[in-house]
Amino acid sequence: MAINGVLRPGHVRLRVLDLEEGVKHYRDVLGLQEVGRDAQGRVYLKAWDERDHNSVVLREADEAGIDAMAFKVADAATLDRLEADIRAFGLSTERIPAGEMLETGERVIFQAPTGHHFELYADKTDVGNGMPYTNPEVWVQDQKGINPVRFDHCLLYGPNITEVEKLFTEVLGFYTTENVLMEDGKSNLAVFLSCSNKAHDIAFVMHPEPGKLHHVSFLLESWEQVLRAADIMSMNRVSIDIGPTRHGITRGTTIYAFDPSGNRFETFSGGYQTYPDNHPITWTFDQVGPAIFYHDRVLNERFLAVVS
Amino acid sequence: MAINGVLRPGHVRLRVLDLEEGVKHYRDVLGLQEVGRDAQGRVYLKAWDERDHNSVVLREADEAGIDAMAFKVADAATLDRLEADIRAFGLSTERIPAGEMLETGERVIFQAPTGHHFELYADKTDVGNGMPYTNPEVWVQDQKGINPVRFDHCLLYGPNITEVEKLFTEVLGFYTTENVLMEDGKSNLAVFLSCSNKAHDIAFVMHPEPGKLHHVSFLLESWEQVLRAADIMSMNRVSIDIGPTRHGITRGTTIYAFDPSGNRFETFSGGYQTYPDNHPITWTFDQVGPAIFYHDRVLNERFLAVVS
Amino acid sequence: MAINGVLRPGHVRLRVLDLEEGVKHYRDVLGLQEVGRDAQGRVYLKAWDERDHNSVVLREADEAGIDAMAFKVADAATLDRLEADIRAFGLSTERIPAGEMLETGERVIFQAPTGHHFELYADKTDVGNGMPYTNPEVWVQDQKGINPVRFDHCLLYGPNITEVEKLFTEVLGFYTTENVLMEDGKSNLAVFLSCSNKAHDIAFVMHPEPGKLHHVSFLLESWEQVLRAADIMSMNRVSIDIGPTRHGITRGTTIYAFDPSGNRFETFSGGYQTYPDNHPITWTFDQVGPAIFYHDRVLNERFLAVVS
Amino acid sequence: MAINGVLRPGHVRLRVLDLEEGVKHYRDVLGLQEVGRDAQGRVYLKAWDERDHNSVVLREADEAGIDAMAFKVADAATLDRLEADIRAFGLSTERIPAGEMLETGERVIFQAPTGHHFELYADKTDVGNGMPYTNPEVWVQDQKGINPVRFDHCLLYGPNITEVEKLFTEVLGFYTTENVLMEDGKSNLAVFLSCSNKAHDIAFVMHPEPGKLHHVSFLLESWEQVLRAADIMSMNRVSIDIGPTRHGITRGTTIYAFDPSGNRFETFSGGYQTYPDNHPITWTFDQVGPAIFYHDRVLNERFLAVVS
């Protein structure tokens, strides 16, 4: 297979301060589908065009933030191989049995040098996208809310960016698509990594506090859908951080906004297709403004300060 | 690497009846950049956002059509391995030395069971997309013509679809994303194959005559760019086959049109992202209309009959 | 007032072969809102962003087609003045009392030289667009179907184009924006007329049979909405005549399709803003192809032949 | 004529601090066409799809701002009638002879109660939009810069909003489409006025200092063109005030930015079509945030403070 190893971001487990308020946001405003609740009270959701059972899992907690981000891998043998490689890299791993999460197989969990928990799994039940696999239509009518296509990526804040980039590129098969340099012109303030043709499947920003979430991102199909998303956010009094605008990094068009618990989420569209043989793009520290917000060419103060 | 083996469609070598007329079309109307001419008189072009030196090579000949489609592979070791695998599959291969094509490394060439020539190569000079790799802008001003982002895929017509699907999936690492069944409900009329997250990198339609080209496809960034492409075609009296419309297969939005030599080309946008673990989509013979042209729900007579 | 006299196309009264089938089409697929039914069994609908009570009235009959197209005028005095002017032009008029149509004031009705019935009225109840007149949002959530913004214009087929252009320009205050010449290079095959900044509020094509309908048109907000309309038509097996495409005339982007009774309707977007001091645009007979269908540059056979 | 009296905003005369720097901005970045320079050194420009000779006139001065905004009226008789009506309203008028501005007829000039100078004229040479009036294409290739369709409207700041609304509605034939109330809930902070189907042809905001310019606005054809405009502004280091975003008022999508002299300009798209019989929309003082910037729902501090 020309695509193997880690396939894609599969699910993200988020903490919200009030579960029903969170469900209302992710289901009724963002427009994910609620697909189940488990015995622990966790709520499972998916975007309409995802075929696997779930991609967002909400848990009520005293503090907002991210419990874990998970990647689907090609198969069980890959899961075993990657677990061995992660251990060889020097990290400890743990196996969580199949079924601990609804419709999800055994998971290998580990903590990255940035303090974030990551999960790998090979199985999640295919529940389809609401259309048959024989003679489907092109989309599903009677959709509600912003209605993204899929959970796309996370941007995470924590220390040890160099080590985490090494982990993702040397062990997990990702490649670096873009990086932002610190003032010293040498070390990285931020690094963007892909395991696919997408401009990023995960990204990290250097931050003293470990394990923080900058944003969880959801894919829209066009710039017009980005406008529609901003309209729906306004109608529902969702707090928009910035946007609609464009990133210099990845060239994607975007809105950042906050869920009711203060977790930042992104609805975005576009960006280039890339490949591992592509020369990475580097942004110098003085150009971090256009790198992040291409139109304004300056960071808003919240970008570096507000994480959950 | 999560992406390895065959990376992507790299270049296509086309025959045109009149070289300068062909250059005028691909450069001035389609908006590719002319990047060189070689001693044989071949003209090399690339789309603006491609970084490798060339993706379309035109040769003057008495008959229009396709000489070869080429894929870039991850590295020289991959090239060796794939050559061995192709031979083990029962096909003969040939090595064409580096430099036979401008700025392009050694190529492995072989003829597929459909009669088409394919090439694999690991090296092509990175000439960039007109923007620096440090602090780039998001696109290049002063572009002309339809201005696609990249050469994207080919749809080829020929016999032995089953064998060619086996070659691409078992040897070259592609996976089947969609297929169209014959009237018998069993064998394939058409098969769509991906080596990436794209809904197709190559496709084949069953056809008695070997080695024929249905279309060469170029990627646009939005449905509005598809409209703009149709406008520019009309302004330049390019013969449009069909479109703007949408395919049921891949969900892409599209225009088919003909170059002055009668080679069909496509400018398209959109379509879903996919992965090798996704269940393929099947279209039954009676639904070939919406599969190909989702809005009209019937094939135009030219779709099956006119190839070059 | 800089805008006075005839304000806009206000409603169209259509005949359908099966009332409930027609309602299902205009309400559930096109996405108009059903706003009432009267004692005669007529069904009244409006587009979401229209503020007056109704814009489409369906009546069951043995033959499809158009009963009348109506224009709203500035006020009662304008209604009186225009009635006198129409009579002075040589046509007879009739008054239909207020209330004969739901929520609609007194109407002046007359038959134009093309055989079509037109109505003028000054009053129709303002029922709003679902948003308050104080602090509204920008659109209404929970919409269904294609969901056009408004009933926009009609294209009508009949004899005596010269006389009807005279009537609309000299009596009703319209101006000619574009015309298509017959083979003789002198008389008009088609004429496009505006009473506003819109490229057309009504249009006529020369046709031997009087009183025929070519299409009723509904406005969409973007080319992406035109794509969405075509998708919805396909999902609902609406018969598309042509499109998505663009007109040379008005530059609008468009789909023509048929309701279940065979009445052609259009969903379109765009086109230029114009003014009465603008020089009209003329299309010669040999360029009628790009004038009507700019991308294909040829008429399909149905354009001139199929009317209801 | 259903449209008569004042037809449309025709030209705006602006002051810039450095003429060539201003020309470079309006011609090369905004993408207007330079159509002439006069003996006074003024530079004349037009947008590509405007047919009259000029719509923006630049003059070098020590202070940025607006010299005058001008409206084209239907004909010479209308000019005479409106001049008489303006005088009857209590304002003095002056005639500026034909030819004082290039390709422009006699102008009636007067100062409104807000301190702004307005001009009316009936004649300006039709130079076309670069396409013939017989068998045109749908747009002109080889365009540069942001390339708006037309000069659309101005938003002006000054005192005596009530009087100026009275002048525009009672004398000049405009109608009020939207207004924003002051904290008292009675008097107007802002008023939006139309002489057409456009949601606004001019707007005023209450401000103690007379004769100030908030922005000059240029029309784009789509939300995608708004994105492209923001990209081009960033590439050319144009200072963006806010956007891309949407207004609650008019529903238009927009960018505000500054020319090199500090004059704010807008590139916008969309907004509803309206008519004089439409009930005006009112925004209360506490909702001025979403009224102006629908997505952020708060004014940025520059909106009320920075004028030229």
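As written, the chain order gives the labels A, B, C and D, with residue 1 at the start of each chain.
Everything that follows uses one rule, which is that a contact is a pair of C-beta atoms (placed from the backbone, for glycine too) under 8 Å apart; a residue touches a chain by one contact, two chains touch by 3 or more.
Chain-to-protein mapping (UniProt): A, B, C, D = Metapyrocatechase.
Computed from a prediction, not measured in an experiment: that's the story for all the values here.
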Pair joined by more contacting C-beta pairs (A-C or A-B): A-B
Chain whose mean Cα position lies farthest from chain B: D
Euclidean distance of C-alpha centroids - chain A vs chain B, Å: 31
Whole-Å gap between the CA centroids of chain A and chain D: 43
Euclidean distance of C-alpha centroids - chain A vs chain C, Å: 48
Two or more partner chains touched - positions in chain A: 137-139, 222-224, 231, 234, 246, 290, 294
Chain-level touch network, classified as line, ring, star, complete or other: complete
Chain D residues within the chain A interface of the complex: 223-224, 227, 230-231, 233-234, 237, 240, 243-246, 253, 255, 290, 294-297
In the complex with chain C, residue positions of chain D that touch it: 1-8, 49, 51, 72, 74, 126, 133-139, 149-150, 172-175, 195-198, 219, 221-223, 246, 248, 251, 270, 272-273, 275-284, 287, 290-291, 294
Footprint of chain B on chain D - complex, ascending: 137-139, 141-142, 144, 222, 224, 231-232, 234-235
